[in-house]
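Please go over the structures that come below.
Next come two complexes, and both contain chain A; in the first it sits with chain B, in the second with chain C.
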Partner chain A sequence: MTQYLFRRILLSIPVLFGILTVTFFMTRMLGDPCKAILGEKATQEVCDRFIKDQGLDQPIYTQFVIYVKQIVSGNFGESIRLSRPVTTLLLERLPTTIELAMSALILAVIIGVPLGIAAALWHNSPVDILTTVGANIGVSMPVFWLGLLLAFTFAIALKDTPFQLPPAARISPGLQPVPFYEKWGWYVNPKDMDCPRNDTACVDEKSSWLREDSALFPLFQFIGYHYIFNSFITGDWKIFVDVVKHMILPAFTLATIPLSVVARMTRSSLLEVLGKDYVRTARAKGARELRVVSRHALRNALLPVATIIGLQLGALLSGAVLTETTFNLAGVGLTLTDAIKNRDFPIIQAFTVVIALGYMVVNLLVDVSYGFLDPRIRLD
Partner chain B sequence: MPAPLLEVQNLQTYFYTRDGVAKAVDGVSFHVNKGEVLGIVGESGCGKSITSLSIMRLIPKPGKIENGKILFNGVNLLDLNKAEITKMRGQKISMIFQQPTGSLNPVYMAGAQISEVFELHKNIKGKLGHEKAVEMLRKVGIPDPERRAKAYPHEMSGGMAQRVMIAMALSLQPELLIADEPTTALDVTIQAQILDLMRGLQRELGSAIILITHDLGVVAEMCDRVAVMYAGQVVEETDVRTLFRNPKHPYTQGLIGSIPILGQVKDELEVIPGVVPNLINLPQGCRFAPRCKARTEQNLTICSEQAPQLIQIETNHKVRCWLYDSANPTA
Partner chain C sequence: MFQNRNTQDAEKQAQQTPEQLLTPPASLWRTTLKRFRRRLSGRLGLAIVAFVFLVAIFAPILAPYSPTEQLIGKENVKIREKPCIHLLGCPADKPQHWMGLDGNGRDNLSRIIYGAQISLMVGFFTVGISLFLGVLLGAIAGYWGGWLDNVIMRLMDVILGFPYLLLAIALVSISETRSIQNAMLAIAIVTMPSYARVIRASVLSVKEMDYVAASRALGASKLRILLTRVLPNAITPLIVLASMNVAGAILDAAALSFLGMGAQEPMPEWGQMLSRERAQVLSAPHGIFFPGLAIMITTLGFTLLGDGLRDALDPQLND
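Coming up: the complex of A and B.
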């Protein structure tokens, strides 16, 4: 098992390097970032200086070598347009996408699997027909169109009813979530210290063990930016309700396709398994129908569903681009589309690699979990 | 004579397909005495398996038991509600199937699948259940049962899996074991071992067995009495000696005549001409009539007009054929 994991992780290195190389050279084909960032009216001189500042005047392979060296030391560079380190952007924006994708995935599984089971158990009944038709519609509906429709329905048509839901942003203006590490006193915000400027002794005295210059601080920040998770563990229910409300429409929008795929897969897989000999054996040994389905059939039927869920997570990441744009969520997808429009090379490169990495991690998790679910392919 | 353990009376199981009603089992009657082995023989599609699944009330859709009685110790199984028949299965009546590896659940260990029977019916769980499962595995002659109890079905050969199935079926010493072609999927040496095992355990536990097979060799080896089925009906029922020495029904005669005999040189094997009739569109009169040699030889016309009844021609010998029916106007 450990050996297997080690091999998989080792194998992922060349893949990541390949993605890195391809995105690096492809972004260079997008064109001149100068005009995109400084505007059409930028003079040749201004542009020349800009290009030189960004190091874009170097030969392309030199740029690549510099870039790879940076990455290996954990530095993804700085955004050309936003003048902020890409790592900081990732810390802030990746959590939005993770929470969105997870919410969508949870919706897809908790709705899709039971629907699929119901459709299979009551094969050819109205439940089955509705599920199948619904799933076909769900798969074929364009994400952005559904998003706009939902936004219109819940933000405009149902305005001032209890069903009103916010159509944009992650959190209502004015609300500021307090990260868990601050709430629990692991970290004291310099703003709350009342120290005179440059009085390091005062700062040292008032600081907790976690400080902004700690190596682990970005990790804590990253976790804290998961607003739903953060407000949940800190028990900040007002913010929790607000961020969950903001997540409902985008999560449903993003969930439609995976939900439909999961429901269809569960249905067909369970139908197949219910006809198997071992299900008949279970009945013949005197198991009640509920047990036959839950213990004997489902465990087998959900094997292909697990694979599909893993594959759908990849689709969720690409779906996130459309959903985040529709609902104006500052996640990986929206940042990436903005960066492509503005030829912001460092962001495009880093975010693409992160999406690829996410895909690979998910696939690895699925492969490993498959071994737990199915003894026939247990990894020894 | 004591009351039989199982008595099937006029069982009719039909399948409602898109093309019409397939009368897979149509008026089958037979009985099984306590502790005896009844063989049910016939070609593929003659309704043997459907008969056995009807006894277990495990008929898959779109099949339905239309009519008849299945008396088990005097209780009609068809009158039981779902909970009552579920209690019967695995405890009083067990079943083993043709494809042993496919009949075991691939995601559970063999031991767990056996101990589930104890859990379901006796509420024995955990360690004790596991020990009972190991004990059963030992009983069916599996070497190193502790280790094998932790094996998954895909790690077993067909013969081993069938032993596990037998262990599972006999865990609670059922009064009746239905074995649906238990050796068909196994190779010949393993077949003999499995049959030996079944016979040994049957003597030990005193269970009755319904052995469904198309292999007359297995019948001769194992059975006390035999029912021959053709196109959803029993055409002959008698003890095993009489069946081989003095078969009455032309179909049975054909079946026995088609067995190759070791040492006897023949250019061609005897065959019964024609094919099994379509169960949706059955011929009028006797179902075997279109293939019957006796009918053409004796020039019987009634065969293709009126269906014969299963009549008793001697004690313990019933035949469904106009040749032996005193009601036959032409005989």
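Coming up: the complex of A and C.
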């Protein structure tokens, strides 16, 4: 097992390096960022200064070395267009995508699996036909279209009913979630200290153990930006309800394709297992139907379903780009698309690396989980 | 290879009478066709695809207007006019636009009808390019092996390491011009690794077979061996994969156009139409409803057709 993990990680290093290289050279091929950011009217002089400031006048291999150094140190520089550190942007926007993808995945599983089971148990019944037809429509539906239709239905057609849902953004304007570490007194915001300017003694006295310059602070920020999670653990129910409401439509939109795939897979896999000899044996020895299905059939049928859920993650990230665009959620997908359009090199480089890394880690976890789900599979 | 994959057929053959055994066995295509016809989903998919093809071919006859004609000032209409169908209670003296008008005062129905041509072209050309590139690279990798194999297949791994839509967006961005052709090329590149893997595996499994060695001994060229010995062995998974990918290509191209990275005005591409009317979804939902519906129906047709083909060609393959 340890050996397998070690080998897998070793094997992924060249691929990761390939991704870094491809990303780097592809961003350089996107063209001159000056005109994209400063506008078409920027003079040559202004552009030259801009290129120099961004370090883009250096030889391409020097730039590549700088880029690799940045990745290793975790400092990705500053966004050209938004003039903010890329790391801060990542901490802020990655949680949106994570919460969106997780909600979609949870929806896909808690709806898709029971639907697939029902369709398989009542084979060729109306439930089965509806599930099969629905699953086929689900995979054929353009994500952005469904999103717009849902936005129209729940924001306009159902306006002023209890079903009204917000069509855009992540949280209602005016609401400001308080991060858990601030709420629990682990960190005191400098704004709340009433210290005179440059009075470090006062700041030191009022600070808690967690400070902005602590190495762990970005991690806490990252967790705190998961609005649903943060408002849940701090018990801030008003904000919790608001952010969950904002997440319902995007999560459903993103969930359609994985939901359909999961339902289809559960159905076909359970149908196959129900025809197996050991199910017949279970029935023959007089086990009740519920027990046959839950103990003998489902446990075996859900293994390929777990595989397919893991495989959906790539599609989920691609779908997140479209969902975030449709619902105007500032997540990784929307930020990255904007950055590509605007040739914002630092963002493209950093976000791609993080996505590719996350993708790899998830794939590895999926592979490792097989061993736990199915003891017959030995990883070596 | 085909026969022993399908045990059901083998059983059936074993039960045949002596006269039946004297007649030649049913060809791959005939058994496939027979199995295909048994499945409702495949037939339904074929019907939908045929319908879209007919709409595309007869677009000039079917469409009441030109897809680019602006009707403001020519008729008593305003931009984003709501759909008007006399049968559903719209006054008969008003111009009948079944799907309403778009933001430039053009007839949505005509644009959607012409859009079928673009969608079909996108679906088939994208898969065609992808198939060509994937088969070429996969065959080279499998046949020559060694460092070339390593380089090509690691490159495929890198492509698969990105979420495909983001990579497609980046590829489109490299070129200065945004067009449907660039979007198609980008999608083709992003989807080629799956073909490369299939064909490479097939080459590797066949390379050492006696009949390939025999061909080589007879002096057949590598290309000839590839085309006549290796490809036929991989044709089933390739067809299945390609037929499923047509639907994906149509959907992805529409998505790229929706993001502004594909088809541009005034091309009546469905994703692009949706994107243009997107901001007005709350006041004029018909502008996005019909293009999206068209995308969905076309994709559904190809998905069902692909499913049916897969079941017919390779009953052993799972979902």
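Basically, the second predicted complex is superposed on the first by the 379 of 380 C-alpha atoms of A that agree within 3 Å, B and C clash if a C-alpha of one lies under 4 Å from a C-alpha of the other, contacts with A are read in each partner's own complex, and residues count from 1 in each chain.
Simple rule for what comes next: a residue touches a chain if its C-beta (ideal position, glycine included) is under 8 Å from a C-beta of that chain, and two chains touch if they have at least 3 such contacts.
Please read these numbers as outputs of a predicted model, since none were measured by experiment.
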*With the two structures laid over each other on chain A, which partner does A:244 touch: chain B (first), chain C (second), both, or neither?*
neither
_Residue contacts with chain A in the superposition, chain B compared against chain C_ = C
*Quick one: classify A:355 as touching chain B (first), chain C (second), both or neither.*
second
*asked:* Output check: A:341 vs chain B and chain C. Expected answer is one of first, second, both, neither. What do you get?
replied: second
*asked:* Quick check on the superposed pair: does A:368 touch chain B, chain C, both, or neither? Answer first, second, both or neither.
replied: neither
*Enumerate the residues of chain A that count as touching chain B in its complex and touching chain C in the other.*
none
*Write out the stretch or stretches of chain A touching chain C in their complex.*
14-16, 18-19, 22, 26, 29-31, 132, 136-137, 139-146, 148-149, 151-152, 155-156, 167, 264-265, 268-269, 272, 304, 314, 317-319, 321-322, 325, 333, 336-337, 340-341, 343, 348, 352, 355-356, 359-360
*Taking the complex as given, what residues does chain B use to touch chain A?*
56, 58, 60, 82-83, 86-91, 94-95, 97, 99, 102-107, 109, 116-117, 120-121, 152, 154, 165, 168-169
*Considering the complex alone, what residue numbers of chain C touch chain A?*
41, 154-155, 157-158, 160-166, 169-171, 173-174, 176, 247, 251, 254-255, 258-260, 271, 274, 278, 281-282, 285, 288-289, 291-293, 295-297, 299-300, 303-304, 307, 318-319
*Which residues of chain A touch chain B in their complex?*
275-278, 280-289, 291, 296, 299-300, 373-376
